[in-house]
Amino acid sequence: MTFSLPVILQAVASGLMIGGVFALISIGLTLIWGVMKIINFAHGEFLMIGLYLAYFLVTKFGIDPYLTILITTPVLFFVGIGIFQVSIKPILKHPPMNQIMLTLGISLILQNLALVLFKADVLSVRTRYTGINYHFGGVVVTLTELIAFFGSILATLALYYILKTTDIGRWIRAAAQNPTAATLQGVDVRFTYLLAFGIGSACLGVAASLLLPFYYVSPTVGLFLGLIAFVVVVLGGMGNFLGAFVGGLIIGLTESLGAAIMPGSLSRVLTFGIFILFLLFRPQGILSRRQA
Amino acid sequence: MKQMKQYREFLVPLVVFALAAFLPLFLKTYYMHIAILILIWAYLATSWNILGGYAGQHSLGHGLYMGIGAYASTYLALEFGLTPWVGIFVGMAFAAIAGWFVGYAAFRYGLKGAYFALVTIALTEAAVYVVSNWKAMGGAAGLEVKYLGTDPFMMQFDSKLPYFYIILFMTLLAVLTAQWLNRRRFGYRLIAVRENEEAAEAMGVNTLGTKINANVLSAVMTAAGGTFFAQYFTYVGPRVVFGEVVSVQILLFAIIGGLGTVWGPLVGAVILVPVAEIARAELGTQFQGAHLLLYGGVLVFTMLFMPNGIVGLAKSIRARFGKTPDDTMSVSASEGGAS
Amino acid sequence: MTPLLEVKNLTKVFGGLTAVGDLTFHVDRGEIVGLIGPNGAGKTTCFNLLAGAMTPTSGSVHFKGEDVTGRKSHQMCKLGLTRTFQVVQPFPDITALENVMIGAFVRHGSTGAAERKAREVLDVVGIAHKADTLGRDLTLMELKRLEIGKGLATEPDLLLLDEVAAGLTPVEIDDILTLVRRLNSEGMTFLVVEHVMKVIMNLSHRIVVLNFGSQIAEGTPAEISKNPAVLDAYLGEEEYVA
Amino acid sequence: MLRVENVSVQYSAFKALHGVSIKVEQGQIVSIVGANGAGKSTLINTVSGLLRPTEGSITLDGVELTTMSAHDIVRHGVVQVPEGRKLFPDMTVHENLLVGGSHKRARAGRDEALTQVYDLFPKLLEREKQSARTLSGGEQQMLAIGRAMMSQPTILMMDEPSLGLAPIVVQSIFSVIQELRNRGLTVLLVEQNIRHSLQISDYAYVLETGTVALEGTGAAVLADEHTKAAYIGSPTGAETH
Amino acid sequence: GETTTTTTAAGTTDTTAAGTTETTAAMVDSVKIASLYPVTGDLAKLGEENVQGLKLAIEEINAAGGIKSMGGAMLELVEADSQGKPDVAISEVERLVQQEEVTAIIGTYQSSVAIPSTQAAEKLKTPFIVSMAVADTITERDFKYTFRICPKADWYAKDQVELLKDLKDLIGLDVKKVALLHEDTDFGESTATGQKKYLEEAGMEMVMEVAYPAAKADLTTEVSKIKAANPDVVLTVTYLNDSILIAQAREKLGMKQLFFDAAGGTIDPEFVARLGAGAEGILTEMEYTKYAAGAEVLNDKFSAAYGRDITGNGAYAYQAGYLIADALERAGSADREAVREALATTSMPTGPTMVLPTAVLEFGPDGQNMSAPLFVVQIQDGELIPVWPAEYAGAEIRIPE
């Protein structure tokens, strides 16, 4: 075990960059949980859909990877809405385990549908942004990482603003806290759920386009990123946006700093360790107060 | 007379399993293998059901206990030549300790529902990485039960028959345990905890203790299943016995069969295991992933159209024809939306 | 003789808020004591502290002469102190009989004995005919009775009733009054929280009034209904007859 | 203005309302009284569209509400203050009120309505930035009424607004109801506090196991012997409040 | 929905023309052979190529008249999916042997799957040809029914270090400090164990070892740890997705050292295709290269059928097809015991049906193919060019600038 300063600094930089993306991936999950109290185990697979879409837009149509956001975001929005309508909506009131099983089923379906359609190839693109690096002292950060990082911050802020200050945001929060009461204030709760699910999924469209230039896509890509999203969401406090953002950064840092200082692949145990400790001792997450 | 009545509830399981004991007369070897698979998953799901179905604490991390059982007996056999007949109890003891700690840690701090599910999934996933990095446990490559041909002392047989009877007996015990819980104080306390912890506590139920006990009982039973699994497949690996995938599979059968019912896990396994096997054999290589697609489809279908599982559905059909449900432990999904 | 329940300087602070502050009172064997006060005065919190659902910040609770401060709910229940809930809390997926049996198991180990006890209790609270109805299918009135029955099944010496009359019609309230009086005459002690004055004024031998977590008055119903501090903080201008 | 005609409602196995008909006229306070489980909440929830009648019709000034979705009914001015308040506990008082006034018809006059509500309940203005879960029971009930007012209702339905409140708060809630009527609002009131509610009602219906057993002016119903025996109760405890 | 693929091409007429005795012809008309690879899950892509290689061989064998000694019996392929899971693989072995009654099984790609499934086959006394799965132990358990044609993990490590030793002579690079970077499953771990052993024997210093979980979002930190240790060469063991992340991190951190992979993700055509310039200069080992003599023919056939180049995976599975055909031919029966005997006495010399770059395919008493050489290739201008051993070298090793 060596603690060399350049390695640590590089780890911090890389951790922050990837942490930004983790945050963006997690925000949709936290939104959906916050509103419907549903843990979407198919979340990672939604991201996979976004990545495939972005990939084909780039390779088949030659669209700039960052311009694909204009397509991936609305498409994921509608994918989310579609899946919500046929499968989530009917079981909104069912016990949590049924919902977990249902979304697990959906994740199996999506994953293997991708396998049937696209084969198991691991696909990635080399864009014109690849290879542009910035050096800060000994630390290297790529342009694509920077764009993803700031893109994530922007998306988070935008979403936060919408939820906090607009009527739609208040509807979403009201429906989350008491659906019947919201209905009785003239809020169309089912529509609000639909919207929230759509927005939560659309976040993954943004994430996919930002991620593709320095990542890869395969049918199973959602497994790991989906799991990370859970960790981040718990860390940030389920349903808490800013928490998810901070949580994303923390997990990004944990993964990279853990790799810098821990032997073998034990750094992953660190990630789960944080997850478990938070669930046990601070289930309300890092930012929120404990509720009665 | 009264004695008779008290034990009558055990009659049905005994008869069913006695009949099942004749199955080998009719089954070809490969079907014996399927029968054993069914029983393994039925056994594990029944064990899970005590915590998940009866006490309503949905553990997504039972792979942890299965792994402990599998690794303990296998390691002891390889390293010290200890017979798995003893190793199985060592594994159960370790699982009891793990189950107690997990139960205490989680329930002491009031974790429930989705949070409990997530913490257990994280624990079993973390176990995968710990074991993968643990050289004595074979690391990522896992441990292989040394092949000895037929050696009853080491729980190894070339024929399927002994395996079948061992797991049949284990499953019978598990079902009897579930049946026993159905009409006993501990069983009622499990349900009370599931239905309303605050009220249960106020009525003298030590909810923390009850949940921890349920977790320990469930863990211990699951670990025994793990040992059998290791002996039957003669191999244990971190991902094979620990981790999310196995854990989900364990509870799948209980959920699809019917949560919190005596027969649900068994019914779930009897129906689903062959479907999965056939799907893999028939579709597996025509399109990659097609059989798993089917699997996901079955899951989604069940959740959408039979939220209380197969046994739950059967019961509500029976209820419609005027019979009152006698299996009081079932959970029904609440109905209707807000608007 | 030591009182059945003795509360000394009981305090519970939530964050910065003192929900119960320095509360001292007692309940004697065989009494019915009323506990009233404005919304948020700390009555339910006080119940939670007595029944062991919460741990007090400071102060002590003695029950049957024993210091029971900080005991858990289930321990208190075994000692003979049981509470009902302001919002009824049935076990929805099991029958009324089984709901009550869970309480009966505190004193009875075998299923048979618990079932006999439970049937007896259902009879006492008047819902024996609903024994096989699922908790979720009972009406509010039946649930209120079930709530009392669940408490009774644990065979308590002291039963804490939290707003059992809320939401009932006056006639239904009369039924509950009769039931409590009868149980009291058979020797059971009660501590009752209620906003329905008809219940409080009729049942209580003694009333303790809380405001902002501490006691502002104590006395017989007649005294309380004339107490200016109580009128000002709680009762308002109207007349209440005991 | 509100007409409920011959409405029946069925819970899966159980029929809760059998052909109930009621009328509520502009500017009136109309009470519905009855035992627990008589079907009062069921009736209000049916008018609100949370439940669907198996037969009968509900109209507001001739507009058919029977099949309209619950949130649309609110947008048409039929607003409920639900039993048990049902606030948005983690939103501030202000935000709770804003949600009440956020549908299209209400949005135009939202600022005005807000001033009115704060005028009626100065306490709420004091607690504007506090989250709803930290309010006292009485304040919560005020917020629930205020939130409903934000929808600019033409008819306000209240389900047991005095439930679980201290007597002193109950008195103030009843004065608020009268104040609202004086401001021209129509109120449909469900109360267990029977004497008090009949005293302030222009008209009243007595529901018994899902049917209208008696109707008349508030005073008439209050004077009725049957009502007295069935709902006001025994002489041992004089009626409270 | 049968999973069997019977390929009865033009060859059938051949058989009759050859005039085999009618009795034998009537006895058996087909022999069932099973493939057991991961065709779903993470490694489906690799599993698929194995199956394709095997299919190609079987099609050719059948077209050429099947098993002549058995009256022109056709080979019938029963495909099975291990899902990459050991327990599933064991179930599949059970099914293939008991239900499908196959004569032999060919598999499995992952070692963690090969270990338990060969044991299952051993119990069922069914020959199991390991076309690809490198863990040393597979052929170190005194099994009678397990035969492996691919090299052992140990040999990959050994050849890697052999090349490092040669680098001084080849390009004047005197390798003193070596760093290891590998994924953390048994593939990475067992190969790394070999690497360490041979490095020590060669007197080279291991300055850093980094293991990482294969599913990771970013490997920059891991690679920067390696960079900080400043080795002369980096030995890696990878799967495809992590090899992509490593190459990206290498490029990003501007590392000039040679990266030398042990036949992991880097041999996937996708690796070069997607990374472009980012993949330049990476060395990797291959069990097979189309640049080897005679290999071009197979590669042409394969890419005509499946639209891509063949790698060691496909080639070894292809060889396994000819191996089983050879054994059946000599056994003259589909009896598992007879086939096992025949396999044990295999001696296939270089020739039309022997595509491995070895003089003769023979199994040791442990069932291990005794000589399975490895090539080292370097990615040069987007091509995998053989650079070692000298007799197969198509170019000189380049040091990245």
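Chains: A, B, C, D and E, in written order; residue numbering restarts at 1 for each.
To be clear about the criterion, a residue touches a chain if its C-beta (ideal position, glycine included) is under 8 Å from a C-beta of that chain, and two chains touch if they have at least 3 such contacts.
In this text the structure is predicted, and so the values were computed from the model without any measurement.
Colleague: Can you tell me the least number of steps between subunit D and subunit E, where a step is a move to a chain it touches?
Modeller: When the steps are counted carefully, the minimum from subunit D to subunit E is 2.
Colleague: Going chain by chain, each one touching the next, work out the least steps from subunit A to subunit B.
Modeller: Graph distance in the chain contact network comes out at 1.
Colleague: Applying the document's contact definition, name the chain pair with more C-beta pairs in contact, B-E or A-D.
Modeller: B-E
Colleague: Starting from the Cα centroid of subunit D, hunt down the chain whose centroid lies farthest away.
Modeller: Between subunit D and every other chain, the largest centroid distance is to E.
Colleague: Where the centres are mean C-alpha positions, what is the separation of subunit A from subunit D, in Å?
Modeller: Once rounded, the distance between the two centres reads 43 Å.
Colleague: Whole-Å distance, subunit C centre to subunit D centre, using C-alpha means?
Modeller: One centre to the other, that is 30 Å.
Colleague: How big is the gap, in whole Å, between where the Cα atoms of subunit C centre and where those of subunit E centre?
Modeller: 75
Colleague: Cα centroid separation between subunit B and subunit C, in whole Å?
Modeller: Each chain reduced to its C-alpha mean, subunit B and subunit C end up 42 Å apart.
Colleague: Out of subunit B, which residues touch more than one other chain, so two or more?
Modeller: Counting only residues that touch two or more other chains, subunit B contributes 129, 132-133, 288-289, 292, 331, 335, 338-339.
Colleague: If I count partner chains per residue in subunit A, which residues reach a count of at least 2?
Modeller: Residue numbers touching two or more other chains: 112, 115, 119-120, 180, 183, 189, 219, 264-265, 268, 292.
Colleague: Indicate the residues of subunit D shared as contacts by at least two other chains.
Modeller: 50, 69-71
Colleague: List the residues on subunit A that touch subunit B in their complex, please.
Modeller: It comes out as residues 33, 37, 39, 87, 90-102, 104-109, 111-116, 119-120, 179-180, 183, 189-190, 219, 227, 230-231, 234, 238, 264-266, 268-269, 272-273, 275-276, 279-281, 283.
Colleague: Under the touch definition given earlier, write down the residues of subunit A that touch subunit E in their complex.
Modeller: 2, 4, 6-7, 10-11, 14-15, 17-18, 21-22, 112, 115, 119-126, 130-131, 133, 140, 142, 214-216, 218-221, 223-225, 228, 255-257, 259-260, 263-265, 267-268
Colleague: If we count contacts the way the header does, which residues on subunit D are in touch with subunit C in the complex?
Modeller: Within the complex, subunit D touches subunit C at residues 34-37, 136-138, 160, 163-171, 192, 194, 230-234, 236-241.
Colleague: Can you list the residues on subunit C that touch subunit B in the complex?
Modeller: 51, 53, 72-75, 77-78, 82-85, 89-95, 98, 101-103, 105-106, 109-111, 114, 132, 135, 150-151, 153-154
Colleague: Please output the residues of subunit E touching subunit A within their complex, sorted ascending.
Modeller: Interface residues on subunit E, with respect to subunit A: 40-48, 184, 208, 210-213, 215-222, 224-225, 228-229, 240-241, 244-245, 248, 251-254, 265, 268, 270, 274-278.
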